[in-house]
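Note that subunit A is present in both complexes that follow, paired respectively with subunit B and with subunit C.
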Partner chain A sequence: MTAAAETVPGAAAPAAPPPVLGRVRRRTVAAFLAPAVIALLAVGIVPLIYAVWRSLYDFNLTRVARTRFVGLDNYATVLTDPTFWAAMRRTAFLFVTAVPVQIALGLLIALLLHRPGLGMAKALTRLALVLPMATTYAVVGLLAQVTMNQRYGVFNQMLGWVGLGPVNILGNPQNAFWAVVFWDVWQWTPFVALVLLAGLSTVPPEVEEAARLETRSHWTILRHVQLPFLIPSLVAVLILRTADTLKLFDMVFTMTRGGPGNATEFIAILIERTGNRQFNIGMASAQAIVLLVITIVLARLYVRLFYRET
Partner chain B sequence: MARAAAAPAQNLWAQGVLLLLIGLFCVFPFYWMVTTSLKTQVVALQSPPAWWFTPTLNNYREVLFVDGVGRSLVNSLIVAVCTTALAVVLGLPAAYALARFEFGGKRELWFWFITNRFVSPVVLAFPVFLISREIGLRDTHLALILMYLTFTLPIVIWICTDQFRSIPRELDEAALLEGCSQARIFWSICLPLAMPGVAVSAILSFIFSWNELLFAYILAPNAAKTAPAMAITFMEGYDVPFGKIMATSTLIVVPVLVFALLASRHLVRGLTMGAVK
Partner chain C sequence: MTRISWASALALGAALAMPAAAQEWSLEAAAEPYAGTQLDVLFLDRPGYAAALQMIPEFTERTGITVNVTTVPYENALGEQVRDFVAGGDLDIALIDLVWIGNFAENGWIVPITEFTENPDLVDPNLNLDDFFPLLLDAFGSWGGVTYGLPFDNYSGLLFYNRCMLEEAGFDRPPETWQEVMDTYGPALTKDGRYAFALQSKRNETQSADSFARFLWPFGGSFLDAEFRSNLLSPESQAGLQFRQDLMQFMPEGIVAWDHAETVNALAQGDVAMITEWSSFYFTLTNPDTSTIVDCLGVAPEPEGPAGRRPALGGFSLAVASQADEAERAAGWLLIQWLTSAENAERYLRLGGVPGRQAVYEIPGVAEEFAFVPALVESWQEGVPEFRPRFAEWPEITEIVQEHGTRMMLGEVSVEEGARLIGEQMEAVLEAAGYYDGTKPLVQ
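Up next is the complex of A and B:
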């Protein structure tokens, strides 16, 4: 900063050393960054501070008059609350069941699309793959309600075609959980497939061709030639699926509202129930802050792993 | 795993069938959504479900003009367009600064921007609910427009930072030697070249805002109610109107699908925040 100022004396003569790109006055940098920073402070940080403040109170919307300061009591309750950890475990379980399926199926689809031939059919399939991931998450839940209805749902009709009896899908705790996994897989496998396909296209064609002359085993080529190029895509998939699983709300809320019982009560649904359906804002704020801390730790970890440049 | 190619013709057949199955799996729920939206309640409640029936547009007429879905679609449109425009205006200069300037704390700033993508809206929803009640923003478009910046602004910043970086620095250098100010370089030289990135980030911001439910559900219960929040109100009550729910869903989904198909080539790059080219 100062060095740049010294080399350019008051009157900027034409002969002055060329201005260095990237080194600009602090005021210029601030002017460019200020709008975004101020906006994100206002909508992203101010509410958080408010949440931290509220989390220190026994604050329930049904009895606002009896609000009192309780210090870290809410946090003590959250951290020892079996319901909270059950919801966290359920969220983690969803991640470890749905994401491997998405990666396995996504990889198969990507490899299929990566092969030569059938250009037109492949282009159409790629377009079809775009549809699920752009679908409004809330609508996915509604689609689940309609197609998986025990009596009127087309899903049970299809099970009937292969000789399986009608199943109570969304009304049975265990089945409801697998229904969430199913629709998560439906919505996000195409995304994983397209990300991995983009990864596959980073393999230099000469390398792949040379390898194909050496071996006819697809597995060997995948393992030793393609996989190294797929690592960045796989890491990106893991990061984004982690973030989205922690945020998962819309689809489950419209599908099951967290039920039956609390079979599909993932972490975001639990916090919504605490704050919006039990009006316990103090507790919901404490739960939200704990979730935020977990999220930030994971995000730091991942970003360190992946976005090394910048 | 596919076996080594034995007979190419046979292999192509197998591939074609697989592609067809994948496509059907992706598209079938939409097919069912649209056909159900064209069924009367009596047909929709047939067991087993009917595949052939006389279609009717009654559900659309009812949800649009009687149940207020039309209004909620307008609300959704206002919110999504405004927040997208705002995010582009606020985010572009920041993206330019991140791509071109060197300054202390750049990494940390960038990390903060990126973390917003990870933070669950449920963390912010309740504090914002209380704050908006106190400052009179409850149930207004503005409350939603501002809160949607938490995810649209990062999208714009990531994608456009990437885009600005891909513009050759020689152009800036030449302009700088000519005596252009940074603001001038940004506005007249880099911005026109960055338009593809701006378009992609605007489309993605629109899609994300249009699809959002949690903030909408908690912050805008009546006057500013958006379409996804409207759709779930049909789920209440005894006689669930399948046809109306699917008609509303179709109305919500069709615009985003059109946008997604338009931007399909850039969607993956956008969704992975530029991590995958």
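Up next is the complex of A and C:
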């Protein structure tokens, strides 16, 4: 006999109990999640879908009336465009030159701050580390322009103090590229240092103390005791810095605008140029989607490689 | 009595002598139906706009029309406006660089001035369009034979030079030809860490307008031929671009990273002897707060090339945006008409603007007081409206010129190869736009 058969005809059926998730009502869960989901949809998913849709059109803001569906033509153009791949190579080179330096310097700073003692000095150092990160990207670019001015900049003034002639920094393609590397390292090494410092704080003190009793080699302690605890922080740094490098725009735009020539035309600069200067929104959308795919692939790769090691 | 007072008295006298119909029109009466209207417009952070900002409160006081000005960098001005017009935004007045006029007009974002000039309630009887320099009204405000905007912030390329440096080197006059700059002035003035010439060449519109185009036209070259094919590989264009390349030996190292600020500053600090810059920088170079060569500053027209003097031409007009409603259109027109009026031209000039009215430069004493005036007036007789093509595709083409133009200067590509690359990419843009299949008329 089923439960329904036991119901007395004409009597009001007992109200079904509200669905619960553990001890919390589903409606409550939905209410808490909704703002975040709506915000994510509004600022992330909807623009992404719009970009995908637009990437299938020949859509230029200066000739909106002639917009037409072109299917995957924009993607074909992007994938065979030497300018796009040159910008990608430049961006990759920036990443492989700047990020290792940031990690090395960041680790050094984190290890110094992790050592016991010097409380006040360390507190001040932590404070100082926040300043470059808190500086707006565009302001960093302007700062670079002023300080690296060949005739009036402080960099060349300091070189003059040691008897070196003024260097043409921002007007020389190679130097301009290294200038971008320098300022990226300046701005983001503190971030890496603070993340790794947080990672070091997860090392159990008793394990670290025991290791110190076993060996006086800092390298051994770092390699066999601290580094395993730092892997999650390093993966986070790699993912974040990869994403940041791929979308590096403001600083370079105010500093060199992609020049001289195309020495500092990184991928985000190229996409902005296509979309906002040439108003070719369809092509810029296709470029951005390709970049998104590359970013996702890289992020998955990091997670798979590094977490497998742990 | 001051000069302004004399001018006011003359204006009053002229007004009294005018026909009855002209006397009846007043700004206050014309604006009465539109009192309370708010206008939205973009301005740049340049002297001509600062001058206008000082004048606008009087306009508001007399008309009740308020003006909401948003100041943006030049680099953002086109994008801000294009997005606003495409989206049907708030802007009631379009600020139009001469290379944007084709874009704005073809897309129907601006209104022909006949909508207002044919309305006796709105048109000032003293509007007198013939008083504008014809080159300016044609290049800055007109497209396809239709006038949309009135010249507002007007420039011509001029040769600014440090007279003291030239005299020290034995020159009693500025160079008259580019060949003189190369053969005589360049070698004599480039020494002791100082340079004869600086050519702003940064990779933005500066590279296209101030550097690349500046050496095409005086040498007989151009961007396009009559069929709208690239003319950059013609002997004349190549000669001009090669000349620019050769002239770099007399310029500071890293000139491809120099924008207007660095270039004007180099002259102002006595580091270079000559620059070719927009007329609007006269006020920076004559201000003791920003220039150390106030007493040594000389101004002349740009040097001539084999094809004559073809100075850089730049500037902005103001036009009523078609997305504005009826009241905003009328109010916008009244503002544009008033700001660019002959009545206000001298005041605008004294506040740091460069008016496009001819009459103001004929006022006794103006040429003596503003040393750039004779060179400016001469330059505006010889300018080329299509100094940079003004069609809707220029935003795409200028990016191509900027990229390969700077690579050319850096020696990453030869002059010929750079010109070929620009030409090919430029033609691809024009083909996609429909210039070669007859979809669009060959108008630049």
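We take it that the second predicted complex is superposed on the first by the 269 of 310 C-alpha atoms of A that agree within 3 Å, B and C clash if a C-alpha of one lies under 4 Å from a C-alpha of the other, contacts with A are read in each partner's own complex, and residues count from 1 in each chain.
The rule is simple: a contact is a pair of C-beta atoms (placed from the backbone, for glycine too) under 8 Å apart; a residue touches a chain by one contact, two chains touch by 3 or more.
Since this is a predicted model, take the numbers as computed values, not measurements.
> Please work out whether A:G199 is in contact with subunit B alone, subunit C alone, both, or neither, and reply first, second, both or neither.
It touches subunit B, and subunit C stays clear.
> Please indicate which partner A:R151 is in contact with in the superposed arrangement: first for subunit B, second for subunit C, both, or neither.
A:R151 contacts both subunit B and subunit C.
> Figure out whether A:A176 sits in contact with subunit B (first) or subunit C (second), or with both, or with neither.
In the superposition, A:A176 touches subunit C alone.
> Based on the superposed arrangement, let me know which partner A:F93 touches: subunit B (first), subunit C (second), both, or neither?
Touch partners of A:F93: none, neither subunit B nor subunit C.
> Have a look at where A:F69 lands relative to subunit B and subunit C in the superposition and call it first, second, both or neither.
Neither partner.
> Given the touch rule stated above, what does A:R277 touch, subunit B (first), subunit C (second), both, or neither?
It touches subunit C, and subunit B stays clear.
> Touching A:T256 in the superposition: subunit B (first), subunit C (second), both, neither?
Only subunit C; A:T256 stays clear of subunit B.
> On subunit A, which partner's contacts cover more residues, subunit B's or subunit C's?
Ranking subunit B and subunit C by residues of subunit A touched puts B first.
> State whether A:L129 touches subunit B only (first), subunit C only (second), both chains, or neither.
first
> If we overlay the two complexes on their shared chain A, which of subunit B and subunit C does A:N168 touch? Say first, second, both or neither.
second
> With the touch criterion stated at the top, can you tell me which subunit A residues are shared between the subunit B interface and the subunit C interface?
Shared contact residues on subunit A: 149, 151, 276.
> Spell out the part of subunit B that touches subunit A in their complex, as residue ranges.
Its residues touching subunit A are 1-4, 12, 15-16, 18-20, 22-23, 25-27, 29-30, 32-33, 36, 44-49, 86, 89-91, 93-94, 96-98, 100-103, 106-107, 109-128, 130-131, 146-147, 149-150, 153, 157, 169, 172-173, 176-177, 182-183, 186, 207, 210-214, 217-218, 228, 231-232, 235, 240, 242, 245-246, 249, 252-253, 256-257, 259-261, 264, 267-269, 271-272, 275-277.
> Name, in rising order, each residue of subunit C that touches subunit A in their complex.
Within the complex, subunit C contacts subunit A at residues 79, 82-83, 86, 103, 107, 202-204, 252-258, 262, 266, 271, 392-393, 395-396, 399, 402-403, 406-407, 409-410, 412, 433.
> Touching residues of subunit A toward subunit B in the complex: what are they?
Going by the criterion above, the answer is residues 18-19, 21-24, 26, 28-29, 31-33, 35-37, 39-40, 42-44, 46-48, 50-51, 54, 108-109, 111-112, 115, 117-118, 121-122, 124-139, 142-143, 145-147, 149, 151-154, 156-157, 160, 186, 190-191, 194-195, 198-199, 202, 216-219, 232-233, 235-236, 239-240, 243, 246-247, 249-250, 253-254, 267-268, 271-272, 275-276, 281, 284-285, 288-289, 291-292, 295-296, 298-300, 303, 306-307, 310.
> Under the definition above, what is the set of subunit A residues touching subunit C in their complex?
Residue list for subunit A touching subunit C: 61-65, 149-151, 168-173, 176, 256-262, 265, 273, 276-280.
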